[in-house]
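Okay, got some structures for you below.
In the two complexes that follow, subunit A is the common piece, with subunit B as its partner first and subunit C second.
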Partner chain A sequence: MRLELGRINITDIRFGEKTEIQQGVLVINDAELKVLLADDPNLVGVDLDLAKPGEDVRIIPVKDVIEPRCKVEGPGGVFPGFISKVETVGSGRTHVLSGMAVVTTGDIVGFQEGIIDMSGPGADYTPFSKTLNLVVSITPLEGLPQHKHEHAVRMVGLKAAAYLGSAAVDLTPDQVEIFELGNFAENAVQYPTLPKVAYLYMLQTQGLLHDTYVYGVDAKKILPSLISPTEVMDGAIVSGNCVSACDKNTTYHHQNNPVIRELLLQHGKELCFHGVVISNENVTLADKIRSSDYAAKLVKMIGAEGAIVSEEGFGNPDTDLIMNCQKLEEMGIKTVLITDEYAGRDGASQSLADATTLADAVISVGNANEVIELPACKKVIGNLKTAEIIAGGFSGALHADGSIKVEIQAITGSTNELGFSKLRGEGF
Partner chain B sequence: MCTVVPISLTVGANRIVPAVAIPHPLGNPELPCDEEKLLRRALVEKALKALQTEVEGQTIFE
Partner chain C sequence: MTSNGKLRIVHYLNQFFGQIGGEEMAGTTPRVQPGPVGPGLALQQALGNSAEVVATIICGDNYVADNLEQASREILALISEQNADALVAGPAFNAGRYGVACGIVGQAAARELGMPVITGMYVENPGAELYRKDIYIIATEDSARGMKDAVGVMVKLLMKLIRQEKVGSPEEEGYLPRGIRFNSFAEENGAKRAVNMLLAKLKGEPFTTELPMPDFDRVTPNPPLENLSKAKIALVTSGGIVPKGNPDRIESSSASKYGKYSLEGLSDLTSETHETAHGGYDPVYANQDPDRVLPLDVVRDLVKEGVIGELHPYHYATVGNGTSVANAAKYGAAIAADLKAAGVDAVILTST
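Showing the complex of A and B:
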């Protein structure tokens, strides 16, 4: 499949009368967008704010982050199964509003939502302090059940991103990147001497608001499956929001998965990119065994000699990670694992809940238990009190002056296990 | 009693009784109440039996 990503560089965002992009400045008709987003019987309404890099602003609790895009050529549309009808994406051309994001916030849904600081020490830990953000604060009906609340906020984020993305339909991109991958047989013939590398992409699917969707399908209900890397780049995978902020893959992370991007860029140079297998992280032992068996088998069937495996979340999914590693290694497929650590505040505890001696090549993207002091911000979008109940926060985390002390677990994307952020652990 | 037996093995538990699922280790919300009660009783009885069983090294009570 061949996908062109046409990037329109967004240099500023502001509210105005007509939604359009003028020389890189995205103007948003906030009145029109509010009406569109509030059109849901489960919501009281939405508010819109802007948060820009360097501003003294804190967004809390952050649910999802989404990159606005639109489909301009080829089959399918944005977020198939949610916004567009189900149709295979990943080919043709898609325009991207580069340098900006939609961030959803508002009343807390579960307890695993995050913090984005646009300046100060917290800003270094999240990639979304560097994007121009349209922040959507969502107010649900009182007493709305959590799962309906989660669905409503997920849809608001996707709708907002699709609305903004459509402003780029007729524009000429600032740059166009082309990503293409042939089928396994073609690749093997074309690059016979390069190592064949697959990517095993683990998706968070523990249920109870810890979910991920593929073409609209709840991924806990799938058997591991093959997916084209360009389908992932083109919005086939959507986040279900409520996983620990530091190591959940927001929809933005899925759209911009750096493992997929690098593998495509290195294809035909250092390696032969042999495909992507998506797998899940379910809550029964039988599911974990079945999915890891199936995922390892698929990687073997496509003829890969090595596999990169990325986890999402932590705790019992560590077992899925280790099972995947063990089964691949026992089939003779070399693995590299990407995971974060929960090694205690002093870093002295066991990092993962499970282990195998076969996991001899592991990239650590940081210790989520490290504690950070975040000074008060002049402006808070959302609700600062949730600092005491989100994962990584604790009773007493919020101080009278508005400053907070939390584990970096509470910061959106801080230990992202796709390697999207800047932290890494070193062995010594 | 735990759902993810490999983790119990990793941390060195001696007697391990596999449980139902991580969000509900000792129950199953999909069952009607009376059937769930039977399931719960069977699990507890199995655990009590395990406690009374001499083991040499880590043992899983399937």
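Showing the complex of A and C:
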């Protein structure tokens, strides 16, 4: 499959009369967008805000982050199974509003949403302090059940991203990146001497606010499956989760999966990228055994000699990670795992809930229990009080002056296990 | 500080390095000599002009090994008399009893006198495994031929500790990893580091894992109960079932406590009486009927039917989500002690 990503660099965003991109400035018709987004019987309404890098702004509690895109050529459309009809994506051309994001916030669904600070010490820990953000605050009907609430806010984020993305249909991109990957047989013939590498992409599927969708299908109902890297880059995977915010993949992370990107960049040079296997992280032991068996088997069937395995979450999914590692290594497939750590606030505890001596190559993207002081911000979008109840917060986390003290667990994307950021846990 | 403005360093040695004698003098009780002795000369040289070895405390290895607590108390008293700025112990190389002595003396000085401490040992010295979490232990060779190198590295890190400068990684500073995890920002993102590590692993080139796997405790299950109908059973959960309103405000993740709650007068948990504090699983079904996580209704029935002898009148709850293993073990031990005191025979432990 061959996918062209045409990037339109967004240099500023503002509200205005007509939604369009003028010399890199995205103008958003906020009145029109609000009407579109509020068209859901489960919602009272939505508010729109802008949050830009360097501003004294805190967004809390953050549910999802999405990169606006539109399909320009080739089959399918954005977010198949949600916004567009189900049709295979990953080929043709897609335009990307680069440098910006849609961020959803509003009443808390569970305990599980995150924090984005646009400046100050917290900003270093989230990639979304560097994007120009359209923040959508969503007010649900009173008493709306949690599952419906989650669905409603997920759809609002995707709709907003699709609406903004459509402003880029007729534009000429600032850069065009081309990603292409042949089938397994072609790859093997083309690069006979390079090591064949697969990516085992674990998707969080533990239930409410812990779900992930592939072409609209709830991934806890799938058997592990093959997917083209360009399908992932083209929006086939959507996040329905944000718990804990630090290590859950937002939709933006899926759209820009850095493991896929890195493997595609190295394809034909240092390695032969053989494919992506998606797997899930269900809560029962039978599911864990079935999925890890099946995923390892698929990696073996496509002829991979090595695999990168990325976890999503911690604790319970540590078991899935270790099962995947053990089964791959026992088949002779060399693995590297990407995980974060829960080593306690003092860093002195054991970090994972499961372990195997076969896991001899592990990338640590940081200790999520580490505590950080976040000074008060001039402007808060959302509800600051949730700092005391979100994962990573605690009673007394919010101080009278508006500053908060939380574990970095509460910061959106701080220990992202796709390896999106540069944070790392080190032994001392 | 000394009268001429130098830092005051106390040096701990065993009978052999302290030039009292060999194995036959290993029972020697703690004693103080002014100034440096034996390896203390190399230490003084490495310290240069900024610090002075003001005293050397010497003690026999067997005396420490046979009287661990008393010996460390006596040695600590001698150290505190010296009004010292820091303690250097050893290096002990691969001498086991000496390593343990350096470790226990160093640990006591650090904890009770709040003093910067440095020692040195060969990685396989039993003292290294016992005390590496408490004090900085420089990795040395296995014998005294590594003295000069070891002392240089020890002094370098000691000066950082005294000046309260940031201590680098074990590789940078030469100490044995203490098993403490800290965050930093790497040059490259995690995905790039992962691909590079995989390429090295596939080529058979050396690489260093960023997270060595922990050694797991294995808990041997106790023998089964002989007679359930005579047993006192307790309910304990890491699924976060607490009285409605979460009175102890147990955190939704990374719990800093557990709660103990009365079950008196309750035979069924409902959405009116209880809820989950847990942020790591779908709470909807647990909140609808908390018995799904803490099966009080069924246990009450079984008691009524005579299958179970008795139910302990309290349940214990914490949140497993994101809670470090060390904290979880601490809460577990405290709950177990409480249950033991109440004469509980067995526990139904539910997780989520």
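Everything that follows uses one rule, which is that the second predicted complex is superposed on the first by the 425 of 428 C-alpha atoms of A that agree within 3 Å, B and C clash if a C-alpha of one lies under 4 Å from a C-alpha of the other, contacts with A are read in each partner's own complex, and residues count from 1 in each chain.
The definition used in the following text is that a residue touches a chain if its C-beta (ideal position, glycine included) is under 8 Å from a C-beta of that chain, and two chains touch if they have at least 3 such contacts.
This is a predicted model, so every value here is computed, not measured.
Overlap between subunit B and subunit C is detected when the two structures are superposed via subunit A.
Contact with subunit B, but none with subunit C, is seen for A:Thr284 once the two complexes are overlaid on the shared chain. In the superposition on chain A, contact of A:Pro195 is made with subunit C only, not with subunit B. In the superposed pair of complexes, A:Asp401 makes contact with neither subunit B nor subunit C.
Contact with subunit C, but none with subunit B, is seen for A:Ala368 once the two complexes are overlaid on the shared chain. In the superposition on chain A, A:Thr319 contacts subunit B only, with no contact to subunit C.
After overlaying the two complexes on the shared chain, residue contacts for A:Gln206 are found with subunit B and with subunit C alike. Of the two partners, subunit B and subunit C, it is C that touches more residues of subunit A. Of the two partner chains placed around the shared chain by superposition, subunit C is the only one that A:His147 touches, whereas subunit B remains out of contact. Clashing C-alpha atoms with subunit B after superposition occur in a single stretch of subunit C, namely 218-226 (options considered: 20-28, 182-190 or 218-226). Taken together, the two complexes place residues 206-208, 283, 316, 353, 355 of subunit A in contact with subunit B and also with subunit C. Listed in rising order, the residues of subunit B touching subunit A in the complex are 3-7, 10, 18, 20-23. The part of subunit A that touches subunit B in the complex is made up of residues 206-208, 283-285, 288, 316, 318-319, 322-323, 353-355.
Contact residues on subunit A toward subunit C in their complex (touch as defined above): 110-112, 124, 145-147, 195, 197, 206-210, 243-244, 258-259, 261-263, 266, 270-271, 283, 305-308, 310, 314-316, 334-336, 338-339, 341-353, 355-357, 359-370, 388-395, 407-409, 416-428. Contact residues of subunit C toward subunit A in the complex are 133, 167, 169-170, 177-195, 197-199, 201-203, 207, 209-214, 216, 249, 251-254, 256, 279-284, 320-327, 352.
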